[in-house]
Amino acid sequence: MKSSVIINPRYEETDQMGIIYHGNYFTWFEVARSKFFKDIGYSYRDLESENVILPVIDVGCTYIKPAHYDVDVRVETEIYLFKGVKFGLKYSVFENDTNLLLAHGYTLHGFVDKEMKPINIKKKNKKVFDIISNSFEGVK
Amino acid sequence: MKSSVIINPRYEETDQMGIIYHGNYFTWFEVARSKFFKDIGYSYRDLESENVILPVIDVGCTYIKPAHYDVDVRVETEIYLFKGVKFGLKYSVFENDTNLLLAHGYTLHGFVDKEMKPINIKKKNKKVFDIISNSFEGVK
Amino acid sequence: MKSSVIINPRYEETDQMGIIYHGNYFTWFEVARSKFFKDIGYSYRDLESENVILPVIDVGCTYIKPAHYDVDVRVETEIYLFKGVKFGLKYSVFENDTNLLLAHGYTLHGFVDKEMKPINIKKKNKKVFDIISNSFEGVK
Amino acid sequence: MKSSVIINPRYEETDQMGIIYHGNYFTWFEVARSKFFKDIGYSYRDLESENVILPVIDVGCTYIKPAHYDVDVRVETEIYLFKGVKFGLKYSVFENDTNLLLAHGYTLHGFVDKEMKPINIKKKNKKVFDIISNSFEGVK
């Protein structure tokens, strides 16, 4: 399953190069991740309220073309890894109108509880495990 | 008592006007506030660990000259209001080398606990009340 | 004329109080301002491309209730001041579902060119002057 | 050559997990990069004023332990790659007091001019090439 979200780059996100500051793509990935969870039927806010937190273990981003203020981007998101204690999403950022690929990246997360202790999501919350599982075609 | 802190403006804080984005001054005020509490002998981190939180009720900032990437600013901070349940700081932002005034502003805070319930700091934490009180010459 | 925009608070915008960091409301005001200009028929991006820039001179915000991650807010925007060289907008932030007022604020802007020299928008760009003028019922 | 900088994590940088938001490490890397250039004798601000810009091509970060508000971190920076048109730095983030490694990452940059056209730094600015070259012991 692929999730998609449109983001309108903010003035605050620009820098004095006249482009979107590179670090902000990770905020966009977070927006895309939030949308991904809604699309599979379980919002990240709901997850947290059930004491399942997804801190970031590893991230990366490759920048191809700059993004600009008020020029809509579209972020497409899908799972690339899903194991009992880890969960990875990859993202492609397109200029929405032209479909030009601007950047692509990934975020790898652990499943932990509010005390930051790792949890096995299959055991801890089978419903969430099944929902994520169903949205992923790869090796689990 | 006046507290002072030097801040080196970050590239991330610039925008495509080539200056520091206006909203970031409130982060600088927070850095200055953090320094202020250390200077009076009670860090904001300690305050929070004792269940005293200072959410913002009201803020303002007047911008005179722009700040720029990697041109040090100095923020000077002092109390302008201190009552049992409220606490206000005012800030002046100078270009450090030239002493040019770039901006001035204020933040007004309530004293609350972690459940966001207002607390009377004089009753709740007399030590903190005294420390803040001693650093303020105005009407209490 | 009143402009309105829905914003979905981002995780990045939260702080360890578990609420949206106060400084981020100025970014939301900017998002609302961007929408305001589109609604009156002249995007801020177009303005900048015609060498009209709107740096911030003065801002303020009053916080009534906290905003939370992934709980939509609606920002309503209208002009409160419009003179040849200055331009002010005021903003009300509501929790979108409940219509609870969370905060209200304002931003005051000058019209300048890319060299940061003040311009009289009526003389410099009559079309923009008229569009803004028509969206404002107050004293000009 | 290894460059080092102390950063005091800001409240604004925290999120509702009670830790520093992962995306902010790239801002810290930028602060460390800025310090790195000063340490080798050529500030990034000077570079930009000579029409040499270093946009980011690729970044990554691995998170080991969370960083917290007002608990100083130390970022150590060194070159891992330097070619005529590309330049890479790697960063280690330590909790300053304990020397605990919190995270490590890298940023890869191109040399471009203000029109975002790639430049060969050896040809364009021999002085900068030599300074960077001298601070790097690896294969050039």
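Labels A, B, C and D are assigned to the chains in the order they are written; within every chain, residues are numbered from 1.
The working rule: contacts are C-beta pairs under 8 Å (C-beta built on N, C-alpha and C of every residue); 3 or more make two chains touch, one makes a residue touch a chain.
None of these values were measured; they are calculated from a predicted model.
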Pair joined by the larger number of C-beta contacts - A-B, A-D: A-D
Most distant chain from chain C, judged by the mean position of its C-alpha atoms: D
Approximate Å spacing (C-alpha centroids) for the pair chain A, chain B: 34
Chain centre separation in whole Å, for chain C relative to chain A (CA means): 29
CA centroid of chain A to CA centroid of chain D, Å: 24
Residues within chain D bordering two or more other chains: 11-12, 17, 19, 23, 27, 30, 69
Chain B residues within the chain C interface of the complex: 17, 19, 22-24, 26-27, 30, 53, 55-63, 66, 116
Contact set on chain B toward chain D in their complex: 8, 10-12, 27, 30-31, 34, 43-45, 69-71
Residues of chain D that touch chain C when the two form their complex: 11-12, 14-19, 21, 23, 69
